[in-house]
Amino acid sequence: ELNGTLKIFSDMSNPAPRAVMEGLASDFDALHPNLTVELTVIDREAYKTQIRNFLSANPPDVANWYAANRMGPYVSAGLFEDVSDLWEEPAIADNLASTKSAMTIDGKQWGVPYTYYQWGVYYRKDIFAELGLSEPSNWDEELANCQKIVDSGRACYTIGSKFLWTAGGWFDYLNMRTNGFDFHMQLARGEVEWTDDRVRQTFANWRQLIDMNGFVANHQTYSWQEALPFMVNGEATAYLMGNFAVSPLREAGLDDSKLDFYQFVEINPDVEMAEDAPTDTFHIPAKAENKEAAREFLRFVASSSVQTKINSGGALGQLPVNAQSSVDADKFLEQGFDMLSSNSPGGVAQFFDRDYPAEMAAVAMEGFQEFMVIPDNLDEILERLESVRQDVY
Amino acid sequence: MSNAPQASARAKTFRPGFMARNRQVITPLLFLTPGILFFLFYVIFPVIQSFNLSFYKWDGLGEAEYVGLKNYKKLLTDRAFEVSLWNNFKWLILYLLAIPAGLFIALFLNQTVTGIRLYKSLFFFPFVISQVVVGLVFTWFYDPTFGLLNTILEQFGLEPLNVLGDPNLATYGIILAGLWPQTAYCMILYLTGLNAVDPEQIEAARLDGAKGWRMLWHIIIPQLRPATFIAFVVTIIGALRSFDLISIMTYGGPFGSTRVLSFYMFEKALSEYGFRMGYGAAIAVVLFVIMLAFIAYFLWSMYQDEKGAR
Amino acid sequence: MTGVKLQKVVKKYGETQVIHGVDLSIDDGEFCVFVGPSGCGKSTLLRMIAGLEETTDGQIEIGHRDVTHLDASDRGVAMVFQTYALYPHMTVEENMGFGLRMNGHPKDEIKSKVGEASRILKLDDYLSRKPKALSGGQRQRVAIGRAIVRGPEVFLFDEPLSNLDAELRVDMRVEIARLHNKIGATMIYVTHDQVEAMTLADKIVVLRAGRIEQVGKPMDLYRDPDNKFVAGFIGSPSMNFVEGVVEGGAVRVPALGNRIVKTSVNLPGEGHPVYVGVRPQHLSITEGDSDIKLDIREHLGGISYDYLVVGDGSKLIVETRDDREIPEGSTLLVDFDEADALFFDGETENRLR
Amino acid sequence: MTGVKLQKVVKKYGETQVIHGVDLSIDDGEFCVFVGPSGCGKSTLLRMIAGLEETTDGQIEIGHRDVTHLDASDRGVAMVFQTYALYPHMTVEENMGFGLRMNGHPKDEIKSKVGEASRILKLDDYLSRKPKALSGGQRQRVAIGRAIVRGPEVFLFDEPLSNLDAELRVDMRVEIARLHNKIGATMIYVTHDQVEAMTLADKIVVLRAGRIEQVGKPMDLYRDPDNKFVAGFIGSPSMNFVEGVVEGGAVRVPALGNRIVKTSVNLPGEGHPVYVGVRPQHLSITEGDSDIKLDIREHLGGISYDYLVVGDGSKLIVETRDDREIPEGSTLLVDFDEADALFFDGETENRLR
Amino acid sequence: MFPRPIEKSSRSWQMTYQSLLPVALTLWLLPLIAVAIFSVKPDTDFTSGNYWGMPSSFEGFNNYGKVFFASDMPRYLMNSILITVPTVIGAVALSCMTGFALGIYKFRGNLILFFMFIAGNFVPFQILMVPVRDLTLDLGLYNTKTGLVLFHIAFQTGFCTLFMRNFIRALPYELIEAARVEGVAEWRIFWYVVLPLMKPAIAALSVLIFTFIWNDYFWAVVLTQGIESQPVTAGITSFNAQYRAAYHLMSAGSIVAALPPVAMFFLMQRHFIAGLTLGAVK
C-alpha cells in the first residue's frame, strides 16, 4: 500500500485542464488513503522555463511534459526516470503502443502519454452558411472561400502570434501539405537548407493568404487566447488550432451549431496528408522521492478508464492515447479521431517546437511571425534561419 | 607549574594591548563582515562566474564545454544581438527625456497652494507601482482594438495604431511606458532640489533683473545640478536594466524588435527555447561593460566629492 | 536725488504685523544703519525697500519716485546678502556682470564695468575663479562688486559681515566705509554689531518690535539716548542700570549703599522709581568695605573689565585702565561722576532730561 | 599629579607634517590656552592629547602616565567641542550621565553626579529637555556639564564659545573662568579669540605652523613678546610695526619722517633693518603737515580708532580716547613715547632686548 | 522659491492654475484611472465593447471579491509580504553595520570597499542571473522564499550601504569623538549613539526597499516558480493567464497587487521621499 506524499507539478493551468488535473489528483488520493497527493499547478508558459529548475532543485514525484524532442535535454541530463519497466507491463505496452516511439530515446521509455489532440481548422459554421460556403478540400477552394470571407469584411483566420508558436502551427501544416511529412522532418533534422526552393514554395503559399488579408490584423500583439474573441465576435471565421481551443470557444458561446471543424486542406496532391498531434505526457523526475507512488500514478493515468474520463468532452476534450479508451461522443473528438486514424497516411508530427531543436525553433517561429507581418522580408528571414541552421546542427 | 601563572599574566597584558591598539581596524572589520560576505557571495562572485561562464557552452543541465571566445564571436554576427544593442541605445537616449519632463512637472507643482501636497504625491504615483502593472496598464492603453490610445486617435480622425505590434513603434511605445514612472521619479528629485535652491540667490537674481526662463536657465538649473546628476544616474541605470516592461508588454516581440540586452540574455539563458547559459553570460558581460562606463563615471564623481571630505 | 523715504510703511504676514507704520527719510548719499534686537524687523524693512517683500501699506519712495509696487529689478537698488548669494556656478567675473548681462548691456561695457569694480575691490586676480575657491572676505568683496557694477543709486546691505571672522570683519568694515566715501551712493545697512553701527553710520535707526525707537547720528545716540532701550543698546559693554527712587529732588540708589545722586534733570514726583544709567568706563572702583563684590576681573591688555555683583544680586560692569590684580571676591566701593549719569523714568523708561 | 606633558610631539598626515616636534608641560590645575592663526595646529594638538588623532612621533603624558598609544576612551580626559556634540536623542540628564552609564556606574551614583554638575551649571530646570529645546548657551553648559560629571583630571576645550553670539560669549567666558576656579582641574583651551585667551589663561601657548612661538602668562606675552609674530598676535588692535634702520646706535624710521628712535636694547649692526613696534594706544596724533594721512576714523563711543596711511603705503592704527571729528584725508603727526616701543630684528623677527 | 509663488501673481492666473492642476493630474494618471474604472465594471461591458464608458453597473465588490476569495491572489500577497518584510529587515540591519563601519572609521581600503558596494549596486543584475540561480539551486533554496530573501538582502546591501554610509557621514563626527573621549566602547557607540540617530534613515530606507522588493519581478521569475513562493508581481501573470481577457478581473488584480506600495507611499510619504533623495539611486 502506498504512503507518504506524492508531489505532482503540472502545467495544466487553463481552467478546463486545471479542473481535470485537480480531479485526477483527488481521485488518486482517494484511491490511496495513506497517500497524500500534493498538486502544484504552474502557469503553462512559465512551466516551460521552470521545469529545468525544479527537476534538479526540488523535484516533484511526477511532472507534466511533452513527448519527442522536447524530452531530449532532460533525458540526456539524466533528470527523467527510465520507466521502460512500465512499458513492459502489458496494460501499457499493448494499449499505448502507438506512442511508444514518441516516448523512446536511446531505446528506453521515459514517461507515459495521457492525451493527445488533433490540430485542424475550427470554423464558424454559421458564418460559412451565411456566406454560402462549404468546407474546402483543396487549396484553391480554400483560397476562394477566403476571398469571399474577406469580401464580407471579415478575416478568414484568427491567430495570436505574440508567443510565436501559433505561427509554428501554420508552418507545420503549410510545409507538410506542400512538401510532405518526410521533408518536414528532414528540415527538422537540419538536413535541408532553409533557403531551399521547396521551403520557399511553402512560404509562397502562405503568402497568398497573407496578401489577401486572410489573417486578423495585429495578431502579433495577442496571445492565442486573446485572439479567440475575433472568432467569437465573428470578425474572423476560422482558427487553425489544437483541439484545446474548443473548450474556451464553447464557453464563449459558440455551440456546435456555430462551430465546426475541418482537416487542413490538401495543397500538393502529390504528398500524403500528415497531421500535427502533440502528445502530452507524465514523467518521473530522476530525483523523485516517492517513485513507487509515482509509478502507480503513471499506471493510473495510462489506464484506459482514466484516459477515457480525462479526455472526455467535458474534461480535457482531447483524445486518449490508450487504445482501449473510448473517444467521447463529442463532435470534434470524433472528427479528430477519425482524421488521425484514417486520414493521416503521411505521418503524425508532434508540433513545430517539439520536433525542431529549441534554438532553431525559437528563431524560426520568430521568423514566421515576422513573415506574417512583413512578407517582403522573406529572403532576409530565410537567410537568417539558414545561418542558424548551420550553427545549430 | 611555576611557569603557568607567568605565561597567563603575559597573555593578559598582551591581548588587550593588541585589541586596544587595533580597535580602529578590528571594529569596522567585524561590522563589515556579514555585509561583505553576503555581497561577495551573491554579487561579486557571480559577476566573476558570469565572466567565466561566457567562455563556456552550457545548457544548464549537463557538463559545460569550454569554447573560448566563440560566444563573443557569435555575438558579432547575431542580428538579434545587434537589434538589442540598438534598442538599448534608444532606451538610453530616450529615457533621458524623463529628466526634462520631470523638471517641467516639478516646476509646475512647486507652489504652495492648498492641497498641493496631495497633488504632488498623486503625481508621484506611477513610480511606486510595479513595472508589471505599469506594463499591463500600458498594454491595454495601446491595445489596437479597444485601447484608449486608438479611441483618442479616432476622436481626432486619425488612423488607428498598433503600437506594440509595429516593429518600428513598439520599442518607443515601451519606452514611453517606462518614461511614465521615471518622469515621476525625476519630478520628485527636482522637487526636493528646488526646495534646496538658495532663496537668497533667487532674490539676488531678481534684483539683477533675471526673470522667467532666463532665471531658470542661468540660476535655477545650475543649482539643480546635484538633482540632475542623480536623475541622470538613476535614469541610465533604469534604462539599462529595463526588463519587466518588455517582458510584460511584448515579450521581446514583434519578432524580436523590442529586445534589449537584458531581455535577450534572459531569453537566451532561461526562457523556454533558451538555456544557452554561456551565450547569455556573454550578453550580460557586454551589458556589464556598457554599464561599467557609467559606473566608472559615477564612482569618479563620488571620488571627487570624497577626496575633500574627512 | 536718490534719497529713500518711507511713509507709514506697514508689513503684515497674514495676521501678524511685523512693521508697525515706519516713517523714515534717508538723504542722498547718506549711510544709514538699522540696528535692533533679533526679530525686530530690520531685514524685513530692508527687503521691503529692495522690493523683495511686498509692502502691505504705506509708501516707499526712492529718489522721489514711488516704488511701492515696482518690481525689485526696476527699483535701481543693489543688495548685498549676509550669505553673499553668489552664483556658485559662475566665475567672479560672470557673477559681477550677470545683472548687466540680464539687462542686455553690450559685452565690452560689461567687461569695462566689471574691470573697474574689481580694481576698486582688488579682485583682479580672482576674476576667473569660482566663488568656492575664494575666502570669506573675497566672497564678500565679490558680492559688493556685483552690487557696484550695476551702478545703483541705493545700496542695501543685510548683515554683510556677520559670516566673517573677527579680523576680517574689521578689514571689511573699513573697506565698506572707504567705498562709501568713494562712490557716495546712499547706503542702508542692517547689522547687530555695535561697532559696525557706530563706525559706519551717518545715521543710526534703532528698531524695536517693528517700530523706530530713535534715529540719529551715532554719537548722538550714544551720548543722548531717548530712552533706556536705546541707551542700553548702544555702547559696549552695555550701560549699567541701577534702580533708584526720587527723594527730595535727587535720586536715592539703594543698590549703591543708598547713595544720593543729584541731578538737574526734570525728575518725576517724589517716590517715583527711576533708573540711573552709567557707562562702564564712567564707573571707578576702589577697594573698601561694602556689599559689592568683585566676581571676575578680566585683563585684556591695556584695559580690564570688572564684573561686580551688588548685594541685591544685580550686576555691574566696570571698565578700568589698570592691570592690577585684585583678588576675586574682594569687596569694592563704586564711584562715578554725577554728570555722567543718565536718568530714565522707571515706568515709561523714557529719558528724563 | 595630572599635569600634561608633551615631548617632541609630531603629527604627520601622510607626507605633510602638521606638528613639528612640540615640547610643552602643563602643570596640574593650570588653565592653558592655545592660540595661533587658523590652521596652525591648535586643534590637532588638542585632539592628539585627547587621543582622537594618532601621534606620529614623540610622547604624551597625562599625570605621569604615558598615554601616547592609548585609545581616547582610556585617557581619562574630557573634551568640550565647538559644536557641543550633544547627543540629540538624549535628554540633558541622559547626555550628562551617558559616559558613566556606559562605564557601568550604578544608577544612583550617576544621578547624584549629574545633579551636582547641573547645580553648578544651573541646569536643574532643563534636565529632562532634549538639546534641541535649549538655547546655544544652555547647550554649551550641558556640554561642559557632561565633561564635569565624569570628574576627569584634564579638560580639553576646542573653541567652545565660537558658536555663540557676542553677548553670550562674554557670559560663558566668565562662567568657564568661575568653573576653573571652583574645580581646579587642568584645562587646555583652544581659541582664536584674543579676549578669551587673555582673560582665561594662566598660560598662553602661541602656535605658528605647528611650532610653539612662545609660552607664558598672558600679560607677559603682551608686555614682553619674544618675537614680532607674538607681539602682533597678542593685543587688539594689533601692534603697529614700522620698518627702521639701525643708524648710530639708534633706529631711523623713514616712514615716520626719518624720526630717530633711541633705545637701550642691543641693536644689531649699523644699517641692519629692524622693526619698531608700538601698540595703538601708545601712539598719539596731532594735526599737522606730514605724509601721513587719516584714512578712516572710527568712533566707538569712548574710544576711537584712527586708520592712518603712511607715505610708503603702510598702515598704522591709533587708539585715542577722544571723540573729536577729524576730517578724513587730513595729514597728521604721529608721536609715541620711546619707552613704549619694542624692537625686532628685521631678518629673524626676533625681539631685540 | 522658483517659480514665483502663485499667490503673488494675478488673480486670473491663480484661478487658471488652480483649475489646471486637476486637469493635468487626470491626464497624468489617465491610464491608471482607466484601470481603476475597469476594475469595477461588469464583464458584460467588455463583451459589449463599452471599454471606456462609465461602468454600466458597479461591480467593484464582485470583482474584488473574486480576486480575494476565488483566486490565488491572497497567497501571492502573503508571499510578497513574507519576502519583502524579512528582506527589508535584513538589508537595513546589514547596511546599518556596513554603513557605520565605512562611515566612521578610517582604515585602508575603506573607500575601495565602499566603491565595491556602489559598483555592485549598479551592476546590471542580469549578469548575476545564471550564477545566482545556480547558487540558489545548490543551496537547495530554489523556489523558496528564503532563497529570494537572501539574494535580495545581498543585492540591496549595496544600495543600502551607500545610503547609510552617506547618512552616517553627514552625522556630526564629534558625537562619536565625544563618546570615545567619554570612554564608550565602539560597539556601544554604534548601539547607543549612532543607531538612534539613524532612525530617520532607517525609516526612509525601509520604505524604499519595501517598494523595490515588492515590485521586483525579474528575480521572482528567476528564483521562484510556483504559488508556494512567488510574489504577487509574478503571481499577477498567472492570475492574468487564468482570467485572460477578463479585463475587469485583471484590473482588479493589478490594483490589489499595486496597493501595498502605494499605501506605504501614502503613509510614509515623507520618509519615502527623503529616502529617494538621500540615497538617490536604485
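Lettered A, B, C, D and E in written order, each chain numbered from 1.
Keep in mind that, in the parts below, a residue touches a chain if its C-beta (ideal position, glycine included) is under 8 Å from a C-beta of that chain, and two chains touch if they have at least 3 such contacts.
Since we're looking at a predicted model, the values are computed, not measured.
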Intersection of contact partners for chain C and chain E: B, D
Per Cα centroids, the chain farthest from chain D: A
Remotest chain, chain C as reference, centres from CA atoms: A
Pair of chains whose C-beta contact count is the highest in the structure: B-E
Length of the line joining the C-alpha centres of chain A and chain D, rounded to whole Å: 92
Whole-Å gap between the CA centroids of chain D and chain E: 54
Two or more partner chains touched - positions in chain B: 23, 60, 219, 270
For chain A, residues contacting two or more additional chains: 45, 56
For chain C, residues that touch 2 or more chains besides their own: none
Residues of chain D defined as touching chain E within the complex: 50-52, 71-79, 81-83, 85, 87-89, 98-99, 102-103, 146, 150, 156
Chain D-touching residues of chain E, taken from the complex the two chains share: 172, 174-175, 177-185, 188, 192-193, 196-197, 199
For the chain A and chain E complex, residues of the former touching the latter: 9, 13-15, 40-46, 50, 53-54, 56-58, 223, 225-226, 228-229
Residue ranges of chain E in contact with chain A within the complex: 133, 136-137, 140, 142-143, 221, 225-228, 237-238, 241-242, 244-245
Residue ranges of chain C touching chain D (in the complex, touch as defined): 165-166, 170, 174, 177-178, 181, 193-195, 198-199, 218-219, 222, 234-237, 279, 281, 295-296, 298-302, 307, 323, 328
